[in-house]
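See structure below.
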Amino acid sequence: MSRFKLVFVGLAFLGMAAFPAVAGSYGVDFVTKVMVYAIFALSLELLVGTTGLVCFGQAAFFGIGAYAVVLLSPQSDAASVYCLLPAAVACAAFFALLVGFLSLRTKGAYFIMVTLAFAQMAYYVVHDTPLGGGTDGIYLMFKPLLGAWLDLDKPLALYGFTWACLLGVFGFLALLNRSRFGRALAGIRVNEQRMRATGFSTYPYKLAAFVLSGAIAGLAGFLFAVKDGFVNPELMSWHLSGAVLIMIILGGLGHLRGALVGAFAFALLQDFFKSEAVFGSMAKHWHLGLGLSIIASVVLLPSGLVGLPQQIRARLTGRSQTHGVDDAST
Amino acid sequence: MLRGHNITRRWGGLVALNQVSLALRQGSVHAVIGTNGAGKSTLINILSGEIAPSEGTVELLGQDVTRWTQPRRARAGLGRSYQRNTIYASFSVLENCRLAAQAMHQKPWHWWRSAAHCVISTAIAAEVAERVGLSALLTRPAGLLSHGQKRQLEIAMCLATQPQVLLLDEPLAGMGAEETERMLTLLDALKPHHAILLVEHDMDAVFRIADEVTVMVNGAVIATNTPAAVRLNPLVQAAYLGEH
Amino acid sequence: MVLPARRWQTRRAAARTERAGRTLHAMDIATFAIQCLNALQYGLLLFLVASGLTLIFGIMGVINLAHGSFYMLGAYMAFALAPLVAGTLGGGFFTTLLVGVVLAVILGYVLEWAFFSFLYTREHLQQVLMTYGLILVFEELRSLLVGDDVHGVSAPAILSGTLPLGDVMTYPVYRLFMSGVCLLLALGMYLVFTRTRLGMMIRAGSSNREMVQSLGIDIKFLYRVVFAAGMAIAVLAGMVAAPVSSVYPGMGDTVLILCFVVVVIGGIGSIRGALLAALLIGFVDTFGKVLLPQAAGVLVYVLMALILLWRPDGLFKAG
Amino acid sequence: MKAIEALHRTARTTLRATLLAASAALLTTAAAAESGAKLKVGLMLPYTGTYAALGNAIENGFKLYLQEQGGKIGDREVEFFKVDDESDPSKATDNVNKLIKRDNVDVLIGSVHSGVAMAMAKVAKDTGTLMIVPNAGADAVTGPMCAVNIYRSSFSNWQPGYAMGEVMAKKGIKKVVTITWKYAAGDETVRGFKESFEKGGGTVVKELNLPFPNVEFQALLTDIAATKPDAVFTFFAGGGAVKFVKDYAAAGLKKTIPLYGSGFLTDGTLDAQGADADGLMTALHYADSLDTPKDKAFRLSYAKTYKLQPDVYAVQGYDAAQILAVGMKAVHGDLSKKAEFAAAVERDKIDSPRGPFTMSKAHNPVQDIYLRQVIGKENKLIGVASKALADPARGCKN
């Protein structure tokens, strides 16, 4: 299984790297977008899949990262990525620190809602106050430069940069999950009380995970703002927080590649059902198809898309799935 | 090594524990018995720091730890096991132990190094697994162990933090005769170097292994003495053993 | 001669009285009373929608994102069923209400059976995904069946009058009726919870699933009933609110998050808590809009954050 | 069990189909646009959500004009590409890229939501794609964002507000309270209103706002009753407009404090508002009873084709097609001649059902804003609120 995973992820990244060679400019754009969402989904996966903290306000960090890019860019010329990227990530991380510091006192559904509350606060601050530049959003006039040689205004440069970021984040999280820190987070997900009894002060661990997650979401926000050159309060809306949560559940919780697969699957499903070539005039009711396929995935794929190979294997070998190994603590 | 003094816990108007005092010494097993709802679990929870007492103090290795958090007490040498299995089903036996051992060597900032490469934790994990007799099953996912093996692993994880005081909440629950035997042998082996608090329903086992027995009824201690003396205590007989 | 510090203080005091005077002018006693009435009425309506959610959430542990869609369904039922009911049964508004609720119960029962009954052993978030899928499906079905136009629903003739309120304003009787329905429902739920066997089962179910099963209660049936009841309440809320809110696409969306706020502030599964939380939000929202218009959007969330930081389990813990 | 297996199989086939379709969509980046045969028109409109009805009306209007021209614009057949923008600005850039980069459209038509239109305008400006906005009134589109290739067939938020301010000031109304959602369209409309109303000697004694999708008006209505202004000016649209008008009437304010608004208050919503809307005065660039031959013909033809009554959105869609046709004719189908296209559109009169209008330098219609009154479920024409009103196009450097 482990080798399979490695091969799968390796191929996925190679495929993404090679993709621009065969794709047109729209394809490049599309995959850039999905890679940004994949980074965003990975940030949430760290919280939900690894640590077991269901955050329903992830879009706030994404949005803050994006707004930071626009608000911190000088009006008349391009900023450097070296300044802007850390600044955007730091802004998001700082907000995450604030939110995490307060919200980690609560648990379960209450935690979900407190994170939502803070995200809504951020949303209304950019939506209703002059600080955020208005409800229609603001433009990024000049895209930042990475040194002299990489102009992120060029789609391919941005594609490569996003790919590298995704690879970096994925690698970072993969290492992190194997590390003592990651193991401790996994322990917290399954049984926080036990972790405390064993001698782990869980609060700092959770807070660290929360801030890291916020920072990664901020990175995704940075990329999004650079890609679109336009930010809008909707980036912080709960719809986006919900969508990214749906992505990782669809992909399969508890696996980093689940976030990757989920982001792609969600985007492809949307595009598929929106396509007039396939559905004709029903394409305008694409929500229906998307909704039905999500329901079908819940019914047929109990452990998300990444659980599919195992399910197929179980079917081929004629055995039902092993229910023995699950994370129920009893 | 661990001393509880006048511990009282009230839930609203209900008194769950009333002025309970007890002391654990190295080299002895101190059993707490009592009917369901007598307050045994509450007592263990207060001693380990999971819940705070309404009144009274807890002393660990000569220090007043009443206001310490549970993790801090754990790192100071207080280990506890749970009544329900709290092992991580998808981790292997070794990983379970290593995670527990890691508590003493946390270093969370070493994010690039695999937890498996932490020599000390791995060594401790292997050692405790061996002590409880699970060394043949190191790579097996804990969820696939038998019930008795799971209880053993629970104790192993408790030991992996290298505690000096052990609070064991019904370690024998649901075990077969053979498994019970093995567990008792293990406890005997642990006794010289640890102070052990044992909450248990299996009376035969308790009277076999305990050096001291505390009997609780309705949140209060009605007797603390050697097993033999407790057995003869008329109050205890009336309240508890009489049912036998 | 007045010392500078003193002078500054006097000026500040003057400013304070002036400000107080302005506020007083902005809201005299009568206006204040009317605003309280508004807050109360809004709060009660919120309670009506949210109580179904807290029931499902508290007892079944299902985070039902489709609750807003149920509300929307109710509103569209009020619009679309009315002519049908008038045509076949010859009834008016109240018959439509009744028919709608009965349909909702059946639909809820079937929905639980078809989409949720096999999910309880799974990870909780799978249920969230399921309800998200349902939102999309409901919204599109609405678009396919009824279209995307905004529609009005007229209040029944008996309730369409108004009461004079101050010298310029009037208060619609229908709003009083709505508040009445909400109060009745609150009372009804209270009685069911405390006085009946079903209520006992429900309360037991919310605190301890194993215990319920050991008592020999069919938990599957219990869940199905609870889900149907929760859905019926949401549909009822939508139908009752329709004459005031009118019906339009996406109407469930805005109400959903607010409902979750109510449920969480009140304490999951607590009807009492939901009522209190809904009223609290009613007041904060109403007075926030008037007194602090700049921050009106964010106030409700600030309230929620504050309350949860103060009491991490909401105002009333269920059970 | 069989059923489940079948389901499995379908799920798998569907998945495969999805991947195929998606990859096909991604990989075909057709260089077919060069052929000059068909004019590719990208419709980026809301087809789901709150504004779905508006999106459909605009598309209908656009296609009606096309049909009248025999399916051709500037001698080129038209091929449509549609994208549902979901009224979500955060997806707007992707959606517009889909049309520009994937479908290689020659013209962009969209959208309703002004945030979405802003995002589109940015991309259109960057890529030089011809864009016609058939609704979104954001002042910036023909203000700071104005460009040689960006046009608007509808209005700017400023226009109806400004016109209504003039009317109300002329009526001798002195004290007015404004109420709207706290978002760009509302703010800009009220700003336009305030500008002309205060110029005409009135004062806005209070500006009431509520957060965007919130429709709980009662508190603010009470505030209005307590303030007792001479009149109220408002901007709401869609479901919010219906609820506001009904609540306003139910609160008894309609009888004591007259309500005026931007025309969207009563457009497409009259059925739902019922009698509560009777008598309301609003300002907009279209009305239901213009009684001009052009309008009559348009309405008849629209009703025949779609079995629906046209509304202002349909007119805007229709005129978007007209603007395109005027420009196309001038450049003989060669859209790369942007300056000539613009010159022709700026020079010609657009013969709109709303009455002929011209295009300003910033490409916003210079049009009559009508004063309408709701009578019997129709926005009846009362008079012209402001003749040939041009948006000031602040910030436009054209």
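Letters A, B, C and D mark the chains as written, and numbering starts fresh at 1 in each.
Note that contacts are C-beta pairs under 8 Å (C-beta built on N, C-alpha and C of every residue); 3 or more make two chains touch, one makes a residue touch a chain.
All of these numbers come straight from a predicted model, not from anything done at the bench.
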Maximum centroid distance from chain A, chain identifier (CA atoms): B
Rounded to the nearest Å, the gap separating the Cα centres of chain B and chain D is 71
Rounded to the nearest Å, the gap between Cα centres of chain B and chain C is 47
Based only on mean CA positions, could you tell me how far chain A sits from chain D in angstrom? 34
Taking each chain's centre as the mean of its CA atoms, how far is chain A from chain C in angstrom? 31
Interface hub residues of chain D, defined as touching at least two other chains: 48, 182, 211-212
For chain A, residue numbers touching 2 or more other chains are 124, 127-128, 285, 287, 293, 297, 299
Chain pairs that touch, all of them, please. A-B, A-C, A-D, C-D
Per the touch rule above, chain C residues touching chain D in the complex are 26-28, 31, 34-35, 38-39, 41-42, 139-140, 143, 147-152, 154, 162, 164-166, 168-172, 174-175, 244-251, 253-254, 285-287, 289-290, 293, 296-297
Listed in rising order, chain D residues that touch chain A in their complex are 7-8, 11, 14, 17-19, 21-22, 25-29, 47-48, 81-84, 88-90, 92-94, 97-98, 101-102, 114-115, 118-119, 122, 126, 138, 140, 182-184, 211-212
Chain D contacts chain C in the complex at 48-50, 52-53, 56, 182, 208-216, 218-223, 225-226, 228, 238-239, 242-243, 246-247, 250-253, 256-257, 268-269, 271-274
The residues of chain A that touch chain B in their complex are 172, 175-176, 178-184, 186-187, 190-191, 193-194, 196-202, 205, 208, 324-330
Under the definition above, what is the set of chain C residues touching chain A in their complex? 57, 63, 65, 115, 118-119, 122-123, 125-126, 128-130, 132-137, 139-141, 143-144, 257, 260-261, 264, 268, 294-295, 297-298, 301-302, 304-305, 308-309, 312-314
